[in-house]
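Down below are the structures I want you to see.
First subunit A sits with subunit B, and in the next complex the same chain sits with subunit C.
Then we have the complex of A and B:
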């Protein structure tokens, strides 16, 4: 599809509503939590995931089969979204789904960097973004990081990666390249967004996502004690922090928590923030952020049913479904109790 | 066997020298064994603590990894691991504890800060950080456990060897030497007694001979006197 021409939000949203109705319900999650991994695979075979389970059944088994089937199904649905959207709608959806392009670029760079063979890199790709099969094949043929970056010339990741290449060559670690890819994805989300009531609210949602990403990264750094320049991890575009403020807040985690508490997110995050002050782990807080973001997207979707908002809400819900099923299967495989697994799920 | 030894004074002296040397060796080895046992008990306590830590750290690390694989996906965890640049390294040296050479393992690049792990901060999560932290902690404990348990095993082998040597001296070599010493001493005393007896016999025979000679001389003197008369 193309970014030019008229947009078709009504059609896209009608299709999205049908797909949203097919997502697993709370009751189905409760059923899955009591199953073994092979029972989960069997259950999936009789659901929405039938085709992927059958296609991948000869190559993978156990929880790997479940995980790869989930990824492939996710990719299929998101490619469909790009397929039936047009004009501005396509542009907005594609921007959001470029997170999978970013994932694929990082996966290929990590594979090349660690000397993995082409087949194992290919298995780990999630073909849900804008890059088509032939472009991904070209990237997979690259034998060095420089080749990967050269092949990305002309995409949104090309120039930022070129700029980060020098850092990579100096340090020989992937951090500058991976950060460049992720930062580009987030910054492109907000670049040149048109103005309308629905888009303005959508912008607020994206800003919240960036704020949450900055907040969790700042908390991770504050807890790890690593001395990293904020410019390396800060994403522009959020409302809550700027790079300089964040640098100071990383040195003082209590101040960072009170800044989040005093912000517009404070009311919804007050419970997780209270727990965070006594907890050794950030995991519960990250889960709370994901849950708040998911609720936010759903609320936006209900306010503007014929905009990009319900589509993004669906994307997040589908991702959450994939993550929940994977968590249940891996949790069962690792012998976690039902209560422990239910505690890890984000269900609205 | 005592009967195999020639009961000579030279052999007795040689055996006495060996007894003295063996007794000294026995005392020294006994002291070494006791010292090794004391050192071993210290290392054993340490090894027990390290083993407990190892089990606890393994449980924690495996749980964190399971959680990271569950919530982030196996692919994301593998990807983060593939980004690692500086792999942990170990160097081994040795130190001497009471004559036992035990390894001293130094590790580097095991514990890493967030920026040294190779994966980008923006696209990863605290679950991966915590799994990596827990595995780094586990790796450090494994290295310490390898050092302590190897030292413990080497000490145990040395204690066994020393104990066998002490026992061999105490229950085999020294009793044999004492037996030989006693045998030679008895034989020499017997030889001495036989010699004395023989000398006495010779002396008595000589005295008898002399008496006979004197008697014969007296008789011949008497005969000469009678003839002259």
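Then we have the complex of A and C:
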């Protein structure tokens, strides 16, 4: 499809809503929590995931089967989104789905760096972004990090990665390269968005996403007490922090929490923040951030139905479904109790 | 383009004025009224039709409902016809 011509928000929105209705409900998650991995696979076979489970059933089994079917189904739906959207709509959806291009690039770099074989890297890719099959195959054939970066020349990741290559060669850790990928993704996401009422609110939503990401990274750094420069992980574009502020806040977690509490997100996050101060676990807070973001996107989608908003809400909900089912399957495999698994889920 | 058309229309109106009658006959006005109503209906059907086809692509059972929703704006044209018939 092309990015020129008029967009078709009505058509895309109708299809997205139908697919949204097919997602697992919260009751179904509670049912899944009580199943063993093979029962989950069988349950999935009778749902949305029938085709993927059947296709992959001969090659994988158990939790791997669940995980790969989830990824493949996710990729199928998101590719469909790109397939039936046009014009401005396509442009905005593609920008958001580049998240998976960034994921794939990072996965391939990590795989090459750790010397994993091609097949095992390939199974971890999520083919949902803008890169097509042949391009990903070319990336997979690369045997060194330099080769990967050369192949990426011409994509949005090409130049920033080349700039970060020097850093990588000096330190021999992947962090600068991965940060370059993440930053490029968010820069492109926010770069010259058109101006309309719906898009302005969409931009606010993206800024909230970036803020949450920064807050999560900062809290993780503060909790782990690791001696890492927080500015390295900082993503530009949010409203809540700037790089220098964040550096100071990581030193004192209490101040960080109170900054978040005083911000415009304070009202939604006050419950989870209280919990965070009482308990010492970040997991609940991170899940709360995700569910606040999810609710935010859903509300936007209801306010502006004929825009990118409901599509992004659907993308987030689908991702949540995949993560939840994966968490359930992995949790059951590891023998976690039902209560522990439910703590890992994002349920609205 | 539109400017040229406007001046053209102006000429026609002036000529009609010289002849003494109104610029637009009653029948002409009625035709424009129905035409505009039909245009409005068509414009709204563009969006509804696209959404209905999208819904049908996901679930074929929605055909009847989609069809009903798509033709609802036709009532605009029927209303316009009614008004025109009553006035003429």
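Quick note on the criterion: the second predicted complex is superposed on the first by the 346 of 348 C-alpha atoms of A that agree within 3 Å, B and C clash if a C-alpha of one lies under 4 Å from a C-alpha of the other, contacts with A are read in each partner's own complex, and residues count from 1 in each chain.
The working rule: a residue touches a chain if its C-beta (ideal position, glycine included) is under 8 Å from a C-beta of that chain, and two chains touch if they have at least 3 such contacts.
None of these values were measured; they are calculated from a predicted model.
**Student:** Contacts for A:235 in the overlay, against subunit B (first) and subunit C (second): which applies, first, second, both or neither?
**Tutor:** A:235 contacts subunit B only, not subunit C.
**Student:** Subunit A residues in contact: does subunit B have more, or subunit C?
**Tutor:** Residues of subunit A touched, subunit B against subunit C: more for B.
**Student:** May I ask you to decide whether A:312 touches subunit B, subunit C, both, or neither, giving the answer as first, second, both or neither?
**Tutor:** neither
**Student:** Just checking: does A:210 make contact with subunit B only, subunit C only, both, or neither of them? Give me first, second, both or neither.
**Tutor:** It touches nothing on subunit B or subunit C.
**Student:** Where on subunit A do the contacts from subunit B and from subunit C line up?
**Tutor:** On subunit A, no residue contacts both subunit B in one structure and subunit C in the other.
**Student:** Contact residues on subunit B for subunit A in the complex?
**Tutor:** 62-63, 66-67, 69-71, 73-75, 78-79, 82-85, 113-116, 118-123, 125-127, 129-130
**Student:** What part of subunit A is in contact with subunit C in the complex they form?
**Tutor:** My answer: residues 8, 10-15, 17-19, 84, 306.
**Student:** Would you pull the subunit C residues touching subunit A in the complex into a rising list?
**Tutor:** Its residues touching subunit A are 47-48, 50-55, 57-59.
**Student:** Can you list the subunit A residues touching subunit B in their complex?
**Tutor:** Residue list for subunit A touching subunit B: 63-64, 67, 71, 102-103, 106-107, 110-111, 113-114, 116, 124, 126, 172-175, 177-179, 181-183, 186, 213, 216-217, 219-221, 224-228, 232-233, 235, 281-283, 285-286, 323, 326-327, 329-331, 333-334, 336, 341, 344.
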